[in-house]
Structure formats: C-alpha cells, structure tokens
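Each of the next two complexes has chain A plus one other chain: chain B in the first, chain C in the second.
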Partner chain A sequence: MPEAAIRRSAEPFLFRTLAIAFTVFIVGYILVPILVTLVMSFNDAAMIRFPITVWSLRWYADFFGSAQWTDALRNSIVIAAGTAVISTSAGILCAWAFQRFPIPGRDALYVLIMLPLFMPGVVLGLGVAIAFGGLSIGGYSFYGSRAMVMLAHSLWAMPLVFMLMEATFRTVDNRIVEASYDLGGGPVRTFFEIVLPMVSTGIVSSLLFAFVISLNEFVMALFLTDRDTQTLPVLMWLSLRSAGTPRLAVASVILALTVFACLSLIMLWYIRQLRKVSQ
Partner chain B sequence: MVAPALELRNVVRRFGSVVAVNDVSLSVARGEFLTLLGPSGSGKTSTLRLIGGFEDLNSGAILIDGQRIDHLPAYQRDTATIFQSGALFPHKTVAENVAYGLRMRKVAPPDMERRIAEALDVVRLRGFEQRYPAQLSGGQKQRVALARSLAVRPAILLFDEPLSALDLSLRLQLRAEIKRLHDELRFTAIYVTHDQGEAMAMSSRVAVMNSGRIEQVDAPEKIFHAPASEFVYTFIGESCCLPVEVGPSGVADKSGALLPLHLGQSQPTGKSRLYVRPSRFRLAAEAAALPNRLRARVHFIEFLGDVYRYHLKAGALELAADHPGAIGVKAGEEIDVGWRNEDMSVFR
Partner chain C sequence: MTAVASESEATFAAQRQAELRRRALAPWILMLPALLIVVIFFGLPMLLMARMSFNLHIDQRLYVPGFTFEHYVNLFSNPLFTNAIWTTVQLSVLASLATVFIGYVFAMLVWLKPPRWRLLMIGLALCPLLISEIAIIFGWWMFFPKNGLLSFALLSSGLISDKISLMYTEFAAFIGLIYVTLPFCFFILLSIFDGLDKRLLEASADLGASPVTTFREVLLPLTWTGILVAFSQSFIWTIGTYATPSALGPDTLWTMGFLIQEQMLGKHNWPMASAFAAVLVIGVACVMAITRSMQSKRTAFHA
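And then the complex of A and B:
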C-alpha cells in the first residue's frame, strides 16, 4: 500500500482522537468546579474537606434555617429581579429608538452605551458609591439600598439588553409595523401590541440574562450593600474569610441552580416560539 | 360638484438629490380602480406610500374626499394598504388580524364579529379564523391581507404590488378575484404594479409612470392603442423600433436608402423612430395589399408557442414580425413584410 494512502487513513483517526480528547477535557474543565461544589454541599462534616465520610442534607437545613443566609438569598433575588426589569425596559426602549429614529452621533452613542460593559466592576462600584453615597431622598438613605444596587447592576445589564434587542429589532419586518399604522394603530399601541410580541424571545432572553448578571455580580454589590442588603455572593465572601463550612457549597449550588433554571427558561421559550411560527 | 375620492396636486418627493415623485397630479373618482404602472424606480411605489402616509411629501397636497390629509400620520388616514408581503401580524390569528383595524376604529363587538365574518366570506376564507399566518399558503396570506383591509371599509384601498411574490397561476387567480371583488364592492383602489398584464386586466384607468412623472392616464385600451408618448408605447406591449430619417424627398433609413413608407401628413423632418408591434406585421402574400411594404431577408426564426417570430433585416432596419403559422421560408431567404398605416406610431 502506498505510503500516502496509509497516512490518509491514519490522519483522520488521529485527528478524531485528539478532537474527542480535547472535547472531554473542555467539558470536564467546565463541569468539575460545579460538580465538586455539588458533591461538597452534601457533606456532613463541619469543614469543606475531602474525603466525604458521611452524606447528609444537614447544611441545606442549616442554610434555610439561618435568617442571615435566607435574607441574603432574598436580597440577591429581589435585586436581580429589579435589575432585570430596569435594564430590560431601558434597553428595549433605547434599542427601539435606535432602530426607528435618525439619531445624531449614532455610532458614538452606541459605543457610549456599550462602555459600562467593559468597565471593571470596582471602577463602576466605587464611582456609584462616591456619586450617590450621600444621597438621601425624603430621609431615605439611598446608599446601601437595594434600589441603588439594582441601578448599578443595570449599568452592566442594560448594554447587553440593548445589544441583544437592537439585533432583534432589526429582524422585525418594517411592513408589519406599517400595516399596524395603516389600520389605525398609533405608535404606542403598535409598539406594545405588534412589535413587542414579535420580539418576545428577545425580551425573555434579556430579562433572564439581566437577572443572571445581577445574581452573579459580586464587586459592585460588595461596594454598595450594607449588612441588611448584602447579596448572597457578598455574604459568601465574608463568611469564607471566617469559616469555610459546606454551607458555602450549598449557597453555590443554589446560585448555580438558579442560573441553570434561567437558561432552561430561555431555551424553552425559544422552542415554544419556534413551534408557533413554523407549524 | 362631488369632490374626487382622491386627489394629488403637484406632489413632489425627494430622496436626497433624487426626485422620486416629480410634480404628480392625479384625480381619482369614487369606485375607480386606478393602476400606477411603471418600471422599478419610476416613483409608483413612492406615490402610493405618500398616499398611505408612510412618506412625507416635500411639496404639493393630497386630498381624500376634498379634505387635505397629507399632514396626517398613517394611522389617522382613511386608507388601507395591501402589502407585497402581506405583512400579516405573525402572532395573531386570521380573525385577530382582521379584527385589528376594526378595534382601532372602535367597532362594537357584535358588529365586529359580523364584519370579520363578512370580510373572510368575501375572500373565501371562512373556517380559517383560528389559523396563524405561518399555517397559511402565500395566496391565502394575501387574501387575509385583503380581508383585513376590506374590513375597515377605507375610503381608498392601496395595493402595493400584492401579487408579485406569488407564482404565475396563483397570480392570475387572485387577479381575477380582486377584479371580481371590485365589481361587487366598488371600492376605490390605487394599485401599484410593474406587470402590464395586471394593469390592463384590472384597471378602469392606468397611469403610466416614468422617472417620477405620470406620462399618461387613460383607460387601458387607450393606453394600449393610443399611447401618448414613446415611453408608454415601448413600455406597454412589445414593439419593434425602426429608426428613420425624414427628409424632403421622403423617409430614409440610417444608410440613406429611401423607404416606401407613408408617415401621413406633416411629419417634421429629421430623425424619427417609427414603431410597429410585432403582431401587426403581415408577411408574404398577406403583405401584398398593404400601403407600407418592405422586402426583407429572414435573419432567424423563433418559435414562441402561439406564434413564430421572424427576425428580419431590410437594409439597415431590423424587424421582428409574429406570424401564427410557419410560412415555409428559411433563414437567409427573402420575404415581403407589410403593415397598415394605423398600426404605425412615429415619435421623434
């Protein structure tokens, strides 16, 4: 058999083996931290340590029995929900304006809107803390409030929503918008009744992305929260310095599961929409 | 005197340095079916979009029933457009699509049900109420679009090339259906198309547009038989152009050879273009008694289905003549070709 032919048959095999090995490595690399945390959360011991001798749900009971930890979880979720609403509504309106109206200095404005996304969290967190630290409205101190963290997190989430929705709005057939005007639908009604349902996948994705971004965010939350409003990642960091109990693993699993649930929702909605338009 | 259903007065629309609609004036009576016919870029779609309120005019006025409407946004105009793509609302059912315009006009619910049913009856889509647009064929979508526009009973229906995305047999079928609907309902319609067959078959009048201007507005028969300009003549139907030179001693071709043609009285001297439609040429023995007659050489012959097309050369002139049957001449042979005076148009 000529040498070239042997090489041709051998090469794909080598290549395939390498590809598989690499994929396994990548998947493992992604999964290991999550799996380790998951396993550790069922550890009965008082410290995060291998090997696990006794399995139990002790730390889950401990987590949900502790007011400090459940408060932190509630803070995280409330702030994430608020961030999702604020950044999605702002991002959608901004993207629609970009799509519909001639805006002077459009490209420069685009870069400006995207800028916070590339800013370090410390810079934004410190900036917001300095700028609004002394602010109080009607005796209500703004600093340390959940609202302030929501706005700070929206600095990151809004550009993402804007980018996503700007691309989504471009897929909207302008003739359909015109058809709504044509039949007597004003701009506001057209936007809410015709345009928004057409981009529902984008909206759901935006909401959940923004939610996840806020849930995961740590640095700004560290700068801007106090004892009553601290989020789960902040509390985890603080307690890691005192004692590394498996309670931390439980908190991690809960955060990871929430993120996973959000991603699943995006997928489900996407599939639902696909079904609807291609029956 | 009753005001026309639609009136355009010296309407101008510019896009940058391009004048898309150039001083267009038009008056459409109630119940008329007027077609804007022209090649792409002739300004017909821009004109329609100006009427619908999707473009702003630079100067001029648009009136519906004698009232100026050019300052109103699209959603306050009593017009309804059938778009090329149908432009149905994808997340609404057929019934909801039709209901949308009625809801905007605050039609009471019992009335609304009846009018949705009527509109779907008219386009023969009863039983499709709960379908989504994605579940409809191209032709059905266009019929829903038609029902949606008809249901609001607008003062003017605007058609923006509604059939051009469909295949031929469906196009002919829907064309006949729109024609039937117009005969039944007598709505006032402005119909934009580049398809002259559509324009001829459906319209009470045709406005032929070219580079932003209206060249001629007339009944389809007039447009076809008495074109007002060279553009209209060449755009409508097929034509064969014979460039000639009119001199004191008669009509000559480019090379100066005199031609035995009768252009009628008072043709100005100079270069002219003489047009005959291929179907109006007569060949061989049939040409013998005709006042205009040339001896031509057969260049090549095409079979077009209904007719054979003879491509002929007579001196410097090239002709294309249709004949229903084969006449037993081959390429390279000579043949007589003739036409009547009334089948000839001269432009200079």
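And then the complex of A and C:
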C-alpha cells in the first residue's frame, strides 16, 4: 500500500512537469521560425549567419528600392484583393441560396462546392494551366494574367467563405426577413438592405480571410504567373532556390505584417459592432 | 360578372405560376457565380487533366494528342516514380501521426488549462496558419544550417564543440511539415474536446481510475473520431505539398508533388505530370472516403 500512496502523490507532480515541458516545447516550436525571421531582417550583413554583429535597416531600404520586389508585392496585393472580391461575392450568394431555398441535390452540390478546398495546390495549378494554357481572348493572354490567378485562388477561398457565411446566415432571424417581405421589400432589396447589414461581421471576415489565403498562396501562383505578374511568395520561392539573403527575411516580415494588419481590421470591426449593439 | 371573376382568377393563377417558377429559379441564379467558378476552373481542368494523362509525349514537345497508358505503366514500373510514391506515403503517414500526437496533447492542455491561457494559446496556434508557407520554410532554413541559429545556440551554450547542420535532412523536412499541418489538427481536436464534459474526468477519478486509465478508457474513445478526422486532414495536406520537403529535405527526397512540378515546369512533360496528379487526386479521394465511412460507422454504432 505505501508504494501505491507514493505513486499517488508523485503522479500529479509528474503530470504537471510534463505539461510545463510540453508547453515550453510548443511555444518554442511555433515561435522559433517567426523570431528567427524577424531578427534576421534587421541584419546588416549580406549572409545568413549567426551571431548577428551589425544591425541596420539596410535590407528594408533594399527591398523598397528594388522595382522587382515592390512590383511583386503590388501584384500580390492586387491578386489578393481580386480574390477577396470574387470569392466573397460568389460565396455569399451561394450560401444565401442554401439558407433560403429548397435546392434539389443539395448534398451533392455542397460536396461539389467544397471539393476544391481539399485538392492539393499543385494539382489545381496543373489543371488550370492545362485547361487555359493557350487561351487568349481578343489578344489578351489569359494565361499568366492576374485574373487567372485570382480565379484559381478563389477555388480555395470561395469554399471557405461559403462555409463561414452558411454558418453566419443561420444566425439571421427569419422573422425579420419575412417582416421585410410583408412591408413590401422585394427579395433583392431585402437582401441588400436587411440581410447584408445584419451579417456585416461575417462579410468583413470573409473578405479578409480570402485576402490572406490568396496573399500567402504560392504553388498555384508559381504555375500560373509569368515574370510580370509573379507574386511576392513566388519571387521568394524562386530566390530561395538560388540564394538566401536577409532580403527574403524582410519580404517574409512584410507579408506577415500585411496579414496581421488584416486581422487587426477584423478585430476593430468586431469591437465596433459590439459597441453598436450595446448602445 | 362570372367572366370577370374567372378572368381575375386566371391572372391570379398565372401570377402564382410565375411566382413559383421564380422561386424555383432564384436559388440557381444565386448559386450561378459559385458554380461557374467550380465547374469552369475546377471541373473542366480536372477532366482535361485526366484526358491529358493519356496523351503522348514525343521529343520534348509539351504533348501530342493520342491515347496511351504508357505514363501510368511508367508510373508504376519505373523505380524512380514508385520510390517517389512510396516516399511520399511514408513521409505523410509519419508526419501526420506526429502532428496528431502533438496536436492532441496541445489541444488537451488548452482544454484542461484555466481559460485565461486559452486565448493566448489559440492565438499561438493560429500563427502557422496565417504565415505563408514560404516564410515558414525560410524561417527553418535559417534555423537548421551550419551557420544557423540552432548550431550557434548549441555551440555558445557549450553543448557541442563543433558546428552542426541539420539542414537538408529528413528531420528538417519533418519539422517543417509538422509545423504547417499542426494548426489544422489542433483546431479540429480542440473543437472535439470542447464538446466534452470535464466532470467526466472527476467522475472517473472518483471511481478510482488512475489518470492513465481515465485517458485510455474515457478520453480516448470519446475523441477517437476527432483523431481520425485530424489524421486524414493532415495526411491530405502533407501528401499534396511539395515546397516544404523539397526545400528543407535532402535532394533525394522526391515527393509526388515535387515530381509533378518537375515534370510540368522542368521537363515539360505534361502527360506524365497529369498522370501523377491523377494518381494523387485518387489517393486523396480514397483517404476522404475511408475517413467518412469509418466516421459514419462509429456514429451508427453509438446511435
């Protein structure tokens, strides 16, 4: 019996130690690549090498002084904005249809819309490149254009928006929609003036999530862009293959900052909405 | 009088008809943009890709229309390709197992810990999800090599006497893969844990079960479905990815994703790349179907 008693008292201690050790491990694991990148971006030397002796903003100046890199950043932002608009509008309309109307073959359609989300980017990129590789409409080459990449990125962003908005629309009180119909609001007017303002937080979240997905994606973009339209992650990937310099760390930091700016926007919007409700 | 009544009745019926037709048509108009995107940019490319995989590949041209099983035969007989398939499956299974294990412990701790830590931990778990895969690769790319942070930290703490490099090893590829898939597993498992009643643990302890027994007999069976879903999610993710293993792993680590990219952009062999992609898609679909059937069997059993 005493042996069992000792085990009993030792056990909580053992589990607590294990839990702390695991927490330290996971925090370290997740933060290491982020912190390494952040620190390296302020390095002055041209080589990736630890320890860092001289600190400067040299590589930030280099990044913003290089037309190739700023063009890539601009391409990324334009493509991400386009993806956000395309996938959010398509996803919202589709989710509203699922919410309001009885649809024949509902489950099959649901699977069809969600399916691209589970496909590897390399497969989607290859497929789109094969299907539209030589296509040009009226002298405008579709392949390699930004529009092409936006639509390809929408294959991942749109199902996510659809999923998010479907859940959001479920919180909409149907009686308010019916009341709007009874007061003479047509379906279109009701949708734009009653329903959309009620789900504005969902819309803002959808827009920004789609933006972030497109901003970070680079496998499809690698298959579908050319020199003039390549995005920042594609350029980073190509230069990592040749040689890594602190410029890449700067690019990583800028990408991450853009993403966190988007997140802050979501938070601010959310807080604003909460304030409105409480007033 | 009756004529007028029947006339207005007729217009009413016509209006009703139009209304019904409009109601039947409306959802399709609303779904049109989404369906167009999915059908034109996903369905059509997949069909064309399947067709492409049977085309011929003659003297360095992208493809020559034709019909041959050559690429599929090649895929399953050429040791270069069979090895790639085998390596990819092995790597994905191992990485997914490790991810599920780490994600499970992480989610369990967040579930058990007091709520004030919760938001912080969830924010932490979101980081890998929000950072571009390329930035993550580059982060590890600076951590593992000879002049990287790991070597420097170990050297200055006196644990080793000579610089070491873990770059371009399977271990590095592994660490990178787990990092990218961890958040998916974590959030799937956390949502499962959140659905459980913590008093179950107390009840089990009151009945005299040790923590290990409680885990094995209570927690594990209740979270089994979540483990399955998390595993298949991360398997699907790792089997399709190529950037992380090819950038961090050894040059000999040829995954299917890498070979697709290589055949497409390097060798300009579109039919071969398509055959590879088709096999990959079938593999992903099989894993999804198996997971679904196991899931529904379990729910049917519990019901």
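One rule holds in what follows: the second predicted complex is superposed on the first by the 256 of 279 C-alpha atoms of A that agree within 3 Å, B and C clash if a C-alpha of one lies under 4 Å from a C-alpha of the other, contacts with A are read in each partner's own complex, and residues count from 1 in each chain.
FYI, contacts are C-beta pairs under 8 Å (C-beta built on N, C-alpha and C of every residue); 3 or more make two chains touch, one makes a residue touch a chain.
Small disclaimer: the values here were computed from a predicted structure and weren't measured.
Overlaying the two complexes via chain A leaves chain B and chain C side by side, clear of any clash. In the overlay built on the shared chain, the residue A:Gly186 is in contact with chain B alone; chain C does not reach it.
Of the two partner chains placed by superposition, only chain B is touched by A:Ile176; chain C is not.
With both structures placed on the common chain, the touch criterion links A:Val219 to chain C but leaves chain B unconnected. Contacts of A:Ile34 after superposition: chain C is touched, whereas chain B is not reached. In the superposition on chain A, A:Met198 makes contact with chain B only, not with chain C.
Touched residues of chain A, counted separately for chain B and chain C, are more numerous for C. Once chain A of one complex is fitted onto chain A of the other, the partner contacts of A:Val259 are limited to chain C, with no touch recorded for chain B.
Of the two partner chains placed around the shared chain by superposition, chain C is the only one that A:Phe162 touches, whereas chain B remains out of contact.
The superposed three-chain arrangement places the nearest Cα atoms of chain B and chain C 5 Å from each other. In the superposition on chain A, the residues of chain A contacted by chain B and by chain C overlap at 187.
Remark: chain B residues 52-54, 73-76, 79-81, 83-85, 87-91, 100-101, 104-105, 132, 134-135, 148-149, 152 touch chain A in the complex.
Residues 173, 175-176, 178-187, 189-190, 194, 197-198, 200, 276-279 of chain A are the ones that touch chain B when the two sit in their complex. Chain C meets chain A in the complex at residues 23, 26-28, 30-38, 41-46, 48-49, 52, 102, 105-106, 109, 124-125, 127-128, 130-143, 145, 147-149, 151-152, 156, 179, 182, 210-211, 236, 239-243, 247, 257, 260-261, 264-265, 270, 273-274, 277, 280-281, 284, 288. Interface of chain A with chain C (complex): residues 11, 15, 19, 22-23, 26-27, 29-34, 36-37, 40, 47-51, 86-87, 89-91, 93-94, 96-98, 100-103, 109, 112-113, 115-116, 118-124, 126-132, 151-152, 154-155, 158, 162, 187, 212, 215-219, 222-223, 233, 236-237, 240-241, 244, 248-249, 251-252, 255-256, 259-260, 263.
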